[in-house]
Every structure is written in structure tokens, then in C-alpha cells.
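Per-chain residue numbering starts at 1, and chain names A, B, C, D, E and F are given in the order in which the chains are listed.
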Amino acid sequence: MYAIEVREHIMIAHSFKGALFGPAQALHGATFVVDVAFMREELTQDGVVVDIARAHNTLKAVLGRINYRNLDEIPDFKGKNTTTEFLCKFVFDAMTTAAREGALGPGSAGVARIKVTLHESHVARAWYEGAVRG
Amino acid sequence: MYAIEVREHIMIAHSFKGALFGPAQALHGATFVVDVAFMREELTQDGVVVDIARAHNTLKAVLGRINYRNLDEIPDFKGKNTTTEFLCKFVFDAMTTAAREGALGPGSAGVARIKVTLHESHVARAWYEGAVRG
Amino acid sequence: MYAIEVREHIMIAHSFKGALFGPAQALHGATFVVDVAFMREELTQDGVVVDIARAHNTLKAVLGRINYRNLDEIPDFKGKNTTTEFLCKFVFDAMTTAAREGALGPGSAGVARIKVTLHESHVARAWYEGAVRG
Amino acid sequence: MYAIEVREHIMIAHSFKGALFGPAQALHGATFVVDVAFMREELTQDGVVVDIARAHNTLKAVLGRINYRNLDEIPDFKGKNTTTEFLCKFVFDAMTTAAREGALGPGSAGVARIKVTLHESHVARAWYEGAVRG
Amino acid sequence: MYAIEVREHIMIAHSFKGALFGPAQALHGATFVVDVAFMREELTQDGVVVDIARAHNTLKAVLGRINYRNLDEIPDFKGKNTTTEFLCKFVFDAMTTAAREGALGPGSAGVARIKVTLHESHVARAWYEGAVRG
Amino acid sequence: MYAIEVREHIMIAHSFKGALFGPAQALHGATFVVDVAFMREELTQDGVVVDIARAHNTLKAVLGRINYRNLDEIPDFKGKNTTTEFLCKFVFDAMTTAAREGALGPGSAGVARIKVTLHESHVARAWYEGAVRG
């Protein structure tokens, strides 16, 4: 399986509900360095997984919806804890939609799997990996 | 599949037996930067894989059994080469036991897989990944 | 000149005032990975700059005053933009006070300079370096 | 599954054919930091996946065939875009051959899978992972 | 002294003249991850060294002059070895000019020193640091 | 001031004397990732600080004297705590001698300063920087 992976970052505020979270129940924030990997069995005729420039731009567009925001105030996240794991899935869903809609260019249709990794610090990160179903 | 990964480190001395190891047959040492990833299919009600604070503390407790030690003198490792690969499995076994015993909190029972990575330098690392069987 | 440097991190929310900041005028947040370096001309009798464990603990105590907080609500920061640069100086001032008060152990008195670096993402960081005056 | 991974790098020139590549159609270059991971179900009698020194040396020998070269002038790559993904597969093929030929020492025969990652910058990388078939 | 530092990268081809360079006398290439730090004694009224967005954009514009190029064909570099050290100075000169011309926004005039670091691989880098003279 | 910096690593065992060191009084070990930077005011005729290949080889030779060793048994270190800071100075002294003896090639004589950084983990490092006196 081939993969290419691109990196961007966001800087957000949020708070968590539940005793489990201890001090993170207060309003705080995070820089998430976001890696998105696109996987496919064979390369396109150009010799790529997908166009890396389009992959980068698509990721920027997706992250633009939550960057520099207080996630507690985003209606789609209402009633959810926007944990690092949760946000991995949010980015995964948006990127799989983009792949299915051809936003990654010529190779979009053949993307088999996507993996999204969010680094929240030098000692913790989360990821979500799954198939891109047609 | 979701994952969260936490990082700690240990500083140990050891030596290896076997011509294969060349100069590493002498007593030397290593800093191992240790990443442990916990994977599960669905998030808990709190929206996490497991409680990251408990994951960190459990990892520290496991590593505390070998940190600042000469591994050649640990009875459990007698007759074994404590290679980076071997130590990945040692940490994996301890962490799967911890997961089964509920040490990671509410999400412990649902952890499906664990991956342990030991970075021994900027140019070499090892990992062990496996299922957490019930 | 000798130096030792230790690393911790914080996760905070804040907002900035001023058109210069563009989207960062909204409430957002950051993970700051914080490196603090202590410098001195000669090593102590033990052969260290300062006790690295005490340095770590002192840094954790200083960062604990702002970790998991909305910096907009901290009285001491009222009317200030808590930029990465500004926070470098905040940590610098607290660490120089700690050094002068002996909080770093036997080597505290000889610390000549301190450098504080805050990494706000994989593409941006800030630092403040200055003398520890008696 | 156990794995060990070693790191080397190469510095090459190349150009791409196809409008997809935009400015990268011009002759340019790259540093590729190359990670190769060897995976197997069980450790050897010595307690390793393979001999890490032999793994390093084999990787250096493979990379020596393209290091400090203009890839546009290498006959084997004629008519191909030597993208990061393509080069991952090139290294993968060479390393699987080496494994099958025993170049990695005593553990060579048991290597089940190989993963090759090429980091082309701090924000982009590619990999290829596959089975080592007998 | 305060500093902020931003990061970008370029991918170039070049060759060196002189037996000293061994295999690097052939046409090859490099990814340079470029860090530029701006230093000043006091922060601006906004609480920054300079506007980080403008700093990033200015760096991108400077690097755009050499990115995706064969440096052997750039007239300004004729007769020069475009070593990592040399390119640090090239970026330094362009950034000091930008600072003097106010391209970094309100804080431009107060920038006292600039440091440019080029990472050429995971095991080698170069830098140039100097004063911004009026 | 120009600089180039090269990286190698060592894996050693040692123990410390003194209550200050807590658990590190026991025999343990470390991987030290070692960066050595060479600084000079002007580049050589070839356009370099020093020959990077010779710099790398010289560093390897210096580190070879302590790599894969128990530092407690090295006569030159008798009665010393081989702390990270102490080892920075050991490498610094050896590299300044090498520079003065011309081991770095044509540029050796002009090296004005050397900085040696030892990374002992992902959260701690030390350095020593000084002039190369004639």
C-alpha cells in the first residue's frame, strides 16, 4: 500500500465536560499539528497517490472551518467533547468526503484509506484510520 | 480505528550476548523514548479512547520497574538479550495487563490493540503491536 | 558557557487585541512546548549546571499558574496581549526569581543567564534570553 | 508483530513530467530522509528482528545507487516520474530482495513485511508497505 | 533579547565545484527547511517582535526566488558554491533588506538581529546570524 | 557569524556520585544525540565553514573513544561525574583540539567558536559553547 501524508496546524480553544478530564474541564486550548495520510494500492499514471498540492489545499480548507475558533461555540460540536480523538474523526470524515468528491484531483477515486493524526503536544497524539467507502 | 498515544522515557544500562552485537556486547546504555498507543473501534461516552492522564501514569509505573537500572541484573530478564525489540514486548505485556485490569479507567475494557514504540536514537527505533486478548 | 535545558508544555486559551492579529483576535488557544535553559560559566562541585530534577519541578510549578487557563481572565495579564513572546518573558521572570531564591538547589546562585523558548507549532516559536541579575 | 526501523538520507535532483506537478516540472531536488522498517512475528534466537548494523549497511548500499545523482539520468527510471511515492517502492523492492538474499544476516528469512518511509520536508512524506513474498 | 522564528522550506538542485565536495560535485539536490529568527530588545506596542504573518509571507517571497530551481543556472549565484552556509547568508541578506524596508510591518524598524538556519537533513544544518544595520 | 552543525550519537553506561542525583546514582545509561557546531566569521574559498564530511568523521572518531562504554571505567573520567554537561565539555575540548590540528581540512584554522549539544531525551539536553583559542 502506498501513502502520502501532508501536515498543517490549527490553534483552538475548548473545554471538556466530565470529571475524567480534571483541569481540562476549564476553558483552555491547543495547537494541533495535523497529519493526513492518503493510501492506495497503485499509483496514478502520473506516479502519485494524489496531487500533494491539492491534498494540502483541501486540508487547509477543512481546517479553516475550526481554526482560530472556540470549539465550544460551534453548533455541529454541540453536546460533544471535542477531544483530540474526536477531532481526528471530524477531519477524517471531511477528507473522505473530499476524496469522494474528487477534490484531490485525478487520483481521488482510488484513495482506499485515510489516516488522520493530531499531535497535541510533544508527549501526546491521537489518530483515526479507516477505509474510504464509495 | 481510533488511537491515543503517550510518551515517556527511561535511561538504562545493559549488555548483549552474541557476536551479532559487536561492540554492544560490552556494558553500555540507552535512553529509550517510549510511545504507547491504545486503539479501539469506538470512543467512550466521554469521547476518548482511554483517560490520557491514567494512560500516562500507568506507563510511568510500568517503566519505573526498569528505569535507572542495569537490566543485566533484573531477574526476570535473566538469559535474555534486552534488545529494543524485546523491551517493546515487555512494555506491551505490562500495558495489556493494565488495560485488562482496568488501570486505564472507564475505557480500559474496550482497548482492542496496543502498539509500543521505543526510540533508541535519532536513527533507530523498534515497535511491537498486537491485540489485547480478553 | 555551559547550559542545561528542560522541557514541559501547557495548553491555554487566549485572544489578542489589535488588527495586526487578524483571525487570532478571536478566542482561540495553543499548546506551548516550553524549553528553559540555564547557563553558567563553571559547573558545580557535583558536575552540573543545576539539579535537573529541581529545574523540571520549578518549571512545572511556574507553568501550573497558567496551564489549562483562559489567559484573558488572569488579572496579572490584564490589558496585555499574551503573545508567545510575552509568555517567554513571563516564564523568564518567574525562573530568574526561582534561581535567585535558590529553588534550583545548590547551583542556583551561579546561574548567569536563562533562555526560555516557546514552540507554538511546528512552524513557529519565540524565545527570550537574558542575564540573571543579582 | 515486531519491527525495527533504521534511518539514512539521500540528496538528489530530478524533475517531473505532467501539468499536475506545477513548478516541480522544473529541475529541482530533495533531501529524502529514509526510514526502513523490518517486521516479523517472532524474534530470532538473539532476540532481534534482524541485525540492526546489517540493516543500516544494506540500506546505505541501496541508497548509494541513487544518492548525489540527477535521477532524470538514471536509465532504470527512464519514462517514470521519480516521485516520493515511486522512490519508496524502489527502496522497498531493493530491501525485500536484500532480505530474501540473506543480506540482513541470521534473521533475514523471517522478515514478513517491510515499510519504507521517505520524508521530503517537515510537512510532507510518503511510504510504501508490503509483504516480503518468498 | 526577544525573538520569534518562522519556518518554510525549499527544494532545489545544484552542484559544487572543488575536490573538497567529493560526490556532491555532481548535480544533486536538497530540501532545505528554513528557520528565520527576528530579534529585538523590546516588544512593540502590540506585544510582538514583528507580525508573524508578515514574517512568514516575506520569507515565502524571498524563498520563491530560488524554490524549485537549479541554482547552478541562477545568474546571481554564478561562480559561487551554493552551499548551505552560503544560502543562509543569501536569505539573511534578503530578510535584513525586507526588515529595513518595513516589510515585516509595525515592528520592522526595531529588529536588531536576524538568524537564518537551513536544515539540510536530519544530521546536518547551517546558520548565519548577524546584526541588522541601519 | 556562520555555523555548520553535524549530528552523531553514542550509547553509554554510567553512574553518578552525590545525593543530588537520586535514582541516577545507580548504574544506568543514556543515548546521547550529539550536535557539534563550528562557527567562523567568513567562509573559506570553497564557500564553507569547514568540510562537513571531515567534520562528521572527526566527530565519529572522538565519540568512538567513549561509545558503547561504561564511563565509570574510563581512567580519564576517574573521580568525575560524567553528566551531560561534563560530556559536552569533553567533546568540545576534543573538537577544538581537532580544529587546531587541522583535522577539519582547509577551513580548520578559521574556526572561531564551537558549540556542543548533547540531547539526553526528548525533554532534556545540555550544551557547552566556547571560543577556539590559538
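Heads up, the rule we're going with is that a residue touches a chain if its C-beta (ideal position, glycine included) is under 8 Å from a C-beta of that chain, and two chains touch if they have at least 3 such contacts.
Everything numeric here is computed off the predicted structure, so don't read it as measured data.
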{"item": "Shared interface numbering between chain F and chain E [over half = same, under half = different]", "value": "different"}
{"item": "Reference interface A-C: repeating pair among C-E, E-F or D-E with over half of contacts shared", "value": "D-E"}
{"item": "Distance between chain centroids, defined by C-alpha means - chain D, chain F (Å)", "value": "31"}
{"item": "Mean-CA-position distance for chain F and chain C (Å)", "value": "27"}
{"item": "Touching two or more other chains - residues of chain E", "value": "7, 122-123"}
{"item": "List of chain F residues in touch with chain B within their complex", "value": "7, 9, 11-14, 23-24, 26-33, 67-70, 120-123"}
{"item": "Chain D to chain A touching residues, read off their complex", "value": "16, 18, 20-22, 80-86, 88-89, 122-130"}
{"item": "Touch list for chain D against partner chain B, complex", "value": "1-8, 43, 46-49, 51-53, 56, 105-106"}
